[in-house]
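My structure is below; once you've seen it, I'll send some questions.
By letter and in written order, the chains are A, B, C and D; residue numbering begins at 1 in each of them.
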Amino acid sequence: MITVEFLGPIQKPILSMEASTLRDVAEVLRQDDEMAQWIDSCAVAVNDTLVSSLDTVLKEGDKVSLLPPVCGG
Amino acid sequence: MITVEFLGPIQKPILSMEASTLRDVAEVLRQDDEMAQWIDSCAVAVNDTLVSSLDTVLKEGDKVSLLPPVCGG
Amino acid sequence: MLELHDGALNVPEILTRWYVQESASNYGAYIPFVGTVRDEDGIEGLSFDVYEPILTSWFDAWVAKAAPLGAKLKMAHSRGDVLLHESSYIAAVFSPKRRVALETIDAFVEDFKASAPIWKYDLRDGQRLYARDRSTAIAGAGLLGSAQ
Amino acid sequence: MLELHDGALNVPEILTRWYVQESASNYGAYIPFVGTVRDEDGIEGLSFDVYEPILTSWFDAWVAKAAPLGAKLKMAHSRGDVLLHESSYIAAVFSPKRRVALETIDAFVEDFKASAPIWKYDLRDGQRLYARDRSTAIAGAGLLGSAQ
């Protein structure tokens, strides 16, 4: 099992799911109507490191984070 | 009569002279051995405004200032 | 040094403390950038969410990038509500030389705006409204939506 | 606002006073640049001569140039001796927006170095030695030596 957490303004509780790569996570979230407005603008981190490939391998206990558009300052 | 003052590190007292343009001032200062090390690196102001032409007209009481290379900060 | 504060920053205290901290470090230039909440579009203030683990690694990467230039970075940011004319952000660079300092503060502040995991909300009528139209997708965003 | 101080600047006092002065002016960005005397080449400190009339007109021209951008400028500089690790120069910009603030502080500080009528001396063995090799001729210099 891995967890998926939604940061900042995304009002969605943490998900737990089985996934061996980020592609599996993408498939689940693309089916999720709540995520439709967010999925194309979110960056993705695995264990707090930003990643850039859907082939990123996930292992038991990994944490995937979705980061919507930012505006600090 | 106009006056010529030397700013910053130029150790030279104020001069008074007759001059109708800045060209007259240049002719005097080019003869001055003390000014040899400064004359090519100084900017010139008339009555505290920087000027860029030797044809600048001078009138009674005008103040010409020589500004050697600067380094504020 | 990265500091997170609840609510508005005490700007005089922070600017002074950082200046004193580095007073014997032989830096020739100190440039803080202070960001203050503007009264515009009828907002009552701003509010911020900060995701600290990624903010810390983003900041640490900048510290490592600035070090070979001889520059040191410091940053403070607010969490939660910051009212009109209060300050929420200070970024600062110290460096021996002015060109490095001027170029580094510019690049650091711009990358902060583009990349730091902080979310801004407008405070209006007691509500906290995500400032989506002023927000920037982080480089590489959209990965999960893409058909790779 | 242009301030000249005898000896070193009280940096916390000045940064705080300027911040408080503009606290209700609705600027979003405040960037001070602080210049501090470095311990290098065995100097004991620096010393400065300032020619105030032309410095004032140089500064006023910058204020006029910044105004259409919505930016406000402030500056403080020392006269006389400033010892190691003390500060002699603060330039600051306030502006509604960060890009204007970042670009203005850079251009303002660089033009200051190239044009402001201030002369720097190294303090060594109780002597005051003109720092000619670090000084810059003002644009248009050499007029009187040229054969026009």
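Rule of thumb we're sticking to: a contact is a pair of C-beta atoms (placed from the backbone, for glycine too) under 8 Å apart; a residue touches a chain by one contact, two chains touch by 3 or more.
Computed from a predicted model, the values in this text were never measured in an experiment.
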item: Furthest chain, CA centroid comparison against subunit D; value: A
item: Inter-chain centre distance, subunit A versus subunit B - centres from mean C-alpha coordinates, in Å; value: 71
item: Centre distance in Å when subunit A and subunit D are each reduced to the mean of their C-alpha atoms; value: 49
item: Distance from subunit C to subunit A - Cα centre to Cα centre, in angstrom; value: 24
item: Sequence positions of subunit B contacting 2 or more other chains; value: 73
item: Where subunit D touches two or more other chains, by residue; value: 35, 98, 109, 113
item: Chains touching one another, given as label pairs in label order; value: A-C, B-D, C-D
item: Partner subunit A, residues of subunit C touching it in the complex; value: 35, 48-51, 53-54, 57, 77, 88-89, 109, 112-121, 130-132, 134-146, 148
item: Partner subunit C, residues of subunit D touching it in the complex; value: 11-12, 15-16, 19-20, 23-24, 26-40, 85, 96, 98, 101-102, 105-106, 109-110, 113
item: Residue ranges of subunit A in contact with subunit C within the complex; value: 7-9, 22-23, 25-26, 29-30, 39-45, 48-55, 65-73
